[in-house]
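Next up, some structures in structure tokens.
Two complexes are shown next, each including chain A; its partner changes from chain B in the first to chain C in the second.
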Partner chain A sequence: MVGRRLIYLLMILAVGLPIVFGVSQKPSRLVSAERMYDVVEQVRVQPGEVAMVWFDFGPNTIAENEPQAQVLLEHLFRNRIPVVLLSQYQQAERFLAKIPNDVAKRLEAEMPGQQWRYGEAWVNAGFRPGGAIFIQSMVNAADVSKFLGRDVNGMPIAQYHTFSSIGGVERVKLVGEITGLVGVFDNIIQFFQKNDYRPTIVHGCTSITIPEAYIFLDSGQLKGLLEGIAGAAWYSEVIKEHFPKSENKQLLVTNTALSAAHIVLILLIVLGNIAPLFKRRGLHHG
Partner chain B sequence: MVTNNATDTRTKLIRIFTFLGGIYFFLYFVLPESAVISLGMKAHHEEISNGFIVIGAMALGLGLYNIIRAHGARVVFQRAGWFNSLALLVGLVAMIGATSAQWLENIRNTKDIRSVQIVGEFATRIVEDVRTPPVGRLVPPFRERVSALIRYGDDRASLVEAHTNLSVEAGTNGGTSILVVEVRERIATARAKLEELKGVSWQQPTEENVGRLTQFSQDVAKLASSYSLMKRSHDAHGLSQRLYDFLFDGLFNQLGSAMFALLGVYIGAAAYRAFRVRTIESGLMMVAAVIVMLGQISFGKEIYENMPSIRQWLLEVPNSAAFRAIRLGAGVAGLMLAIRMWLSIESKSFSSGRK
Partner chain C sequence: MDSSSSWALASVLAGGLATLAIFSFLIKENGFYRFFEHLFIGIAAGLGPMLIVRDFLWPTILEPMLGLTVVTYPDGTHPEPYQPLYLLYLIPMAFGCLYYFIYSQRYSWLAKLVIGFTLGASGALAIRGFFSEAIPQIAGSFKPLVVMVEGNISLMESFNNILFVATLLLVLNYFFFTFGKEGSLQGKMAPVGRPLLMVCFGAFFGSTVMARLALLVERVQFIVRDWVSAVGTFVGIG
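Let's look at the complex of A and B:
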């Protein structure tokens, strides 16, 4: 029988080797990610209109959620859609600051002369406690800019020209929810709506929550879905098709490492079922 | 008896507040909007919701108090595992310290940046007051206001200049970096405009003078925007930020990721040891699991081209049907639990003060 330590070693090698040697493969085509790309592509904003993206993840799920957040922001930034970033989860605070900065720097390096600046391309409204109650209040507020008040630096959001007068929640043209948590996505689906307003919602989830997210995708409440790292990887490929200079090598390497780990898992399941048969046969013959 | 009476009163109070809190949100959600407006709930909903959020946030303080009390006692009396408690408390204090330092730094910066923005806003306000004279609000004469604007503008331009030089000297923003060059250009523009304003007679608000003020306001807004970015970039290299980066990125982030990554190896062991096909149902489950995994990974389509499509069908059809059933069941159970909590009959601590 295969020992536990050997299984651990196999898993570490399966994940580690592709990363160490930078092996990358084209990811699997995921229709839900393609749908999400099309949805984001169709978003057109007038002055004052924005996208609102929630980063509801912490260090434990960054492996899956960070690439999703990056590709979604990259696409929104490329299309010059102003983004309000915020979170229902206090541990996401660091990522709200870091990820848009990283994406902006990458895009500025790719396109010299163009700029994506804080206060123009995005604003960070930080962690907002209260979950469902907070969302219900926000959708009923007359002006989202005033309701949010200050950004994470303590600056009034209305001071930033792009975000100075968002107005009612109807002016939020796209809602993105990137999370690995249970409950926070439900808050968005249930409460981010009013009378005649149903926002376009896209979602990035961890692999564990994919099956649950599909019920909302199937019902049409969710317009696009990034399924774990694989979803982010395919989304990045679609971006690359349209913007060939877009850099996604690291993401593809991570996805390949994960694929290798899946193969090992499948082999272990098969081996785990075959090995007892051989053992039993051996006993019979013995 | 006195204690029992006090406990009963407390229990009643908890019940009353729980019921009132529950009925407010229930009514707000189920009543038609016209009724919500006529009852005055709509007008005060934001304040009431904020009140509930504040009460929720108090749990943070309560949690902090409990952690310090429980783990502090373990450290003081050197009970089993006291060293782990000490590590927890040191981590807690270090993180609170680093975050507070960073927060204070942010507040200081925001104050500086706002003080520059206010110059532009002041100029805009003077222009607005000229175009629409204020009613019921006394304002100083036009000439005095412009004179104050010039003085304050000069002062803030010097502040921005000093901070820019400081940033270049400290090496946090290179002298030729885009931000520094941009800030210096905008200081020069603002200063030139200030000199122009100084040379004008401000006895009467002529159209030309108002135009000059409008232009000055726009120039200052641009300066404030660049200054804000340069200041934040400078502070990204500050001690408080580096300490925070070390604690969050260097420790917390890595430990959190490592904890979750361990799941991968446990799943590997479980796949081999526990995933046994003994019945038709478990066989079906295994086939579905393998297809879903293969459909999601890079190698899947090389094994069978339509693997991603089959995976998609499995998730969209059988999975969605099963999950909807689970969600519906959980929803009904959640509703029952909510009603029981609302009526304070869920827990003995609500229903009775005595055990």
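Let's look at the complex of A and C:
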């Protein structure tokens, strides 16, 4: 009983100490995150063209999905790519409102005089029920703005100048899917396409779904991937290389805390496997 | 302190309390943990139906059908008039309500109509989805075993592709149960698929552990950063 509690205590200390003292290490390089940065960097939009980012996560996976959503939006905002935000997951509503506001405020503080306003930089179409059927209908709609109808504030999306004439789904130049839910991710992969249209899809996944996400990355169905917190941390480092004033200290602390927990866990696994050997040897000698 | 910040403070305080209550199970089973566990189950059960009404039934069906989305300008005119076609929603709604006949012995066949329709639609979606998802992956598995980069053989990429193709074939062979006898090449190669699968399961397990630790990191961050300062504000020292 005491041993079990000691393990819990060690894990909480391993996670908590870097957070309390603000310890941060440079994250490991992740090629898939770099690929995703390059893909987003190459997106160029004409008036009316947009990126569409799905926040399909709730409080249960914010640890991994929120930093991913932040870095992807930060990159899109920096490149002045208008973003339509929406979700297939009810519990994402709070994050659809909070994250773009936080990112916009941070960028405005970094670059005084520049602004990222709701209705110009992004629009929040909110939670959309229907999953695959909704996506399939949107893909076949003549005008995405009109199909989406109203934003979360009840305003017709077509009334915002930047989003007034998106037209067909072909004008969605990038699709971002941030989720830990395999089902909703599959909806995007399976149904966000037409005969003559295959979007550029990038994905932020939780650690659990990394092995499955690699399959889609390998087949080319995904063009870029953020693997858990580590993927977001490395993406933020790449952003920082290009925009040195970018602030990512908190994300690096989070990533460091995770690494510290990994080290403790590995040590415990090694100890747990070696200890019985010594115990057995002791019994033989005893 | 205005009402919105009071509400935010109360949310953080309650969130921290709930987190600590759930974590208290790590010490031992206790009433504090049990209370918050029941609270969570109750909230989750109540939240689902409420969200369906708030996020789907009301804004998507009832509000437009009742004409409540029609904007009226101060001069009394409307940019978009009421669309009576919204009333057609009543037909699928009535059809969907047939499901409740499942409780009637006499008319339960009416519920089967809805179930049959749902199964048919789901099946069609699943078939379409499968082909959209799987065919690019099958095509993606056709990899060159010797990769040439600028006229030279790329040893690393070639090795990766050979490993990929070999793993794919060996694992597929492992699940070949219909024919092939012991002693044949197929039979001899079958056990090789097992350790490769174990590597895959190890990767899945490792990534699951990583995800659980990420959750712990987020909760500890919340407690250390948000909750502690909220407690400070609440007791007047923040």
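Just so we're on the same page, the second predicted complex is superposed on the first by the 284 of 286 C-alpha atoms of A that agree within 3 Å, B and C clash if a C-alpha of one lies under 4 Å from a C-alpha of the other, contacts with A are read in each partner's own complex, and residues count from 1 in each chain.
Everything that follows uses one rule, which is that a contact is a pair of C-beta atoms (placed from the backbone, for glycine too) under 8 Å apart; a residue touches a chain by one contact, two chains touch by 3 or more.
What you see is a predicted model, and the numbers here were worked out from it, not measured in a lab.
Enquirer: Clash or fit: how do chain B and chain C relate after the overlay on chain A?
Expert: clash
Enquirer: Taking the superposition on A as described, I'd like to know which of chain B and chain C A:153 touches: first, second, both or neither.
Expert: After superposing on A, A:153 lies in contact with chain B but is clear of chain C.
Enquirer: Touch check for A:140: first (chain B), second (chain C), both, or neither?
Expert: In the superposition, A:140 contacts chain B only.
Enquirer: Just checking: does A:210 make contact with chain B only, chain C only, both, or neither of them? Give me first, second, both or neither.
Expert: Touch status of A:210: both partners.
Enquirer: Report the partner of chain A that touches more of its residues: chain B or chain C.
Expert: Comparing chain B with chain C, the partner touching more chain A residues is B.
Enquirer: Please indicate which partner A:19 is in contact with in the superposed arrangement: first for chain B, second for chain C, both, or neither.
Expert: Only chain C is touched by A:19; chain B is not.
Enquirer: Have a look at where A:8 lands relative to chain B and chain C in the superposition and call it first, second, both or neither.
Expert: After superposition on chain A, A:8 lies in contact with both partners, chain B and chain C.
Enquirer: Looking at A:117, would you say it contacts chain B, chain C, both, or neither? Reply first, second, both or neither.
Expert: First partner only.
Enquirer: Kindly classify A:129 by the partners it touches after superposition: chain B alone (first), chain C alone (second), both, or neither?
Expert: In the superposition, A:129 contacts both chain B and chain C.
Enquirer: Which partner does A:58 reach: the first (chain B), the second (chain C), both, or neither?
Expert: first
Enquirer: Just to be sure I read the superposition right, which of the two partners does A:271 touch: chain B = first, chain C = second, or both, or neither?
Expert: Touch partner of A:271: chain B, not chain C.
Enquirer: Show which residues of chain A both chain B and chain C reach, each in its own complex.
Expert: 8, 11-12, 15, 60-63, 129, 133, 207, 210-211, 215, 218, 228, 258, 261-262, 265
Enquirer: Can you list the chain A residues touching chain B in their complex?
Expert: Chain A reaches chain B through residues 2, 4, 7-8, 10-12, 15, 25-32, 58-63, 91, 94, 117-119, 129-130, 133-134, 136-137, 140-141, 147, 152-155, 159, 161, 195, 207, 210-212, 214-215, 217-218, 227-228, 230, 255-256, 258-259, 261-266, 268-269, 271-273, 276.
Enquirer: With touch defined as at the start, can you tell me which chain A residues reach chain C in the complex?
Expert: For this pair, the touching residues of chain A are 5, 8, 11-12, 15-16, 19-20, 60-64, 90, 126-127, 129, 132-133, 150, 180, 186-187, 189-191, 193, 206-211, 215-216, 218-221, 228-229, 254, 257-258, 261-262, 265.
Enquirer: Which of the residues in chain B end up touching chain A in this complex?
Expert: Per the touch definition, chain B meets chain A at residues 25, 33, 42, 45-46, 49-50, 52-53, 56-57, 106-107, 109-110, 113-114, 117, 221, 225, 228-229, 232, 248-249, 252-257, 259-261, 264-265, 267-269, 271-277, 286, 289-290, 293-301, 307-308, 312, 315-316, 319-320, 323-324, 327.
Enquirer: List the residues on chain C that touch chain A in their complex, please.
Expert: Per the touch definition, chain C meets chain A at residues 26-27, 51-52, 55-56, 60, 69, 125, 128-130, 132-133, 136-137, 139-141, 164, 200, 203-204, 207-211, 213-221, 224-225.
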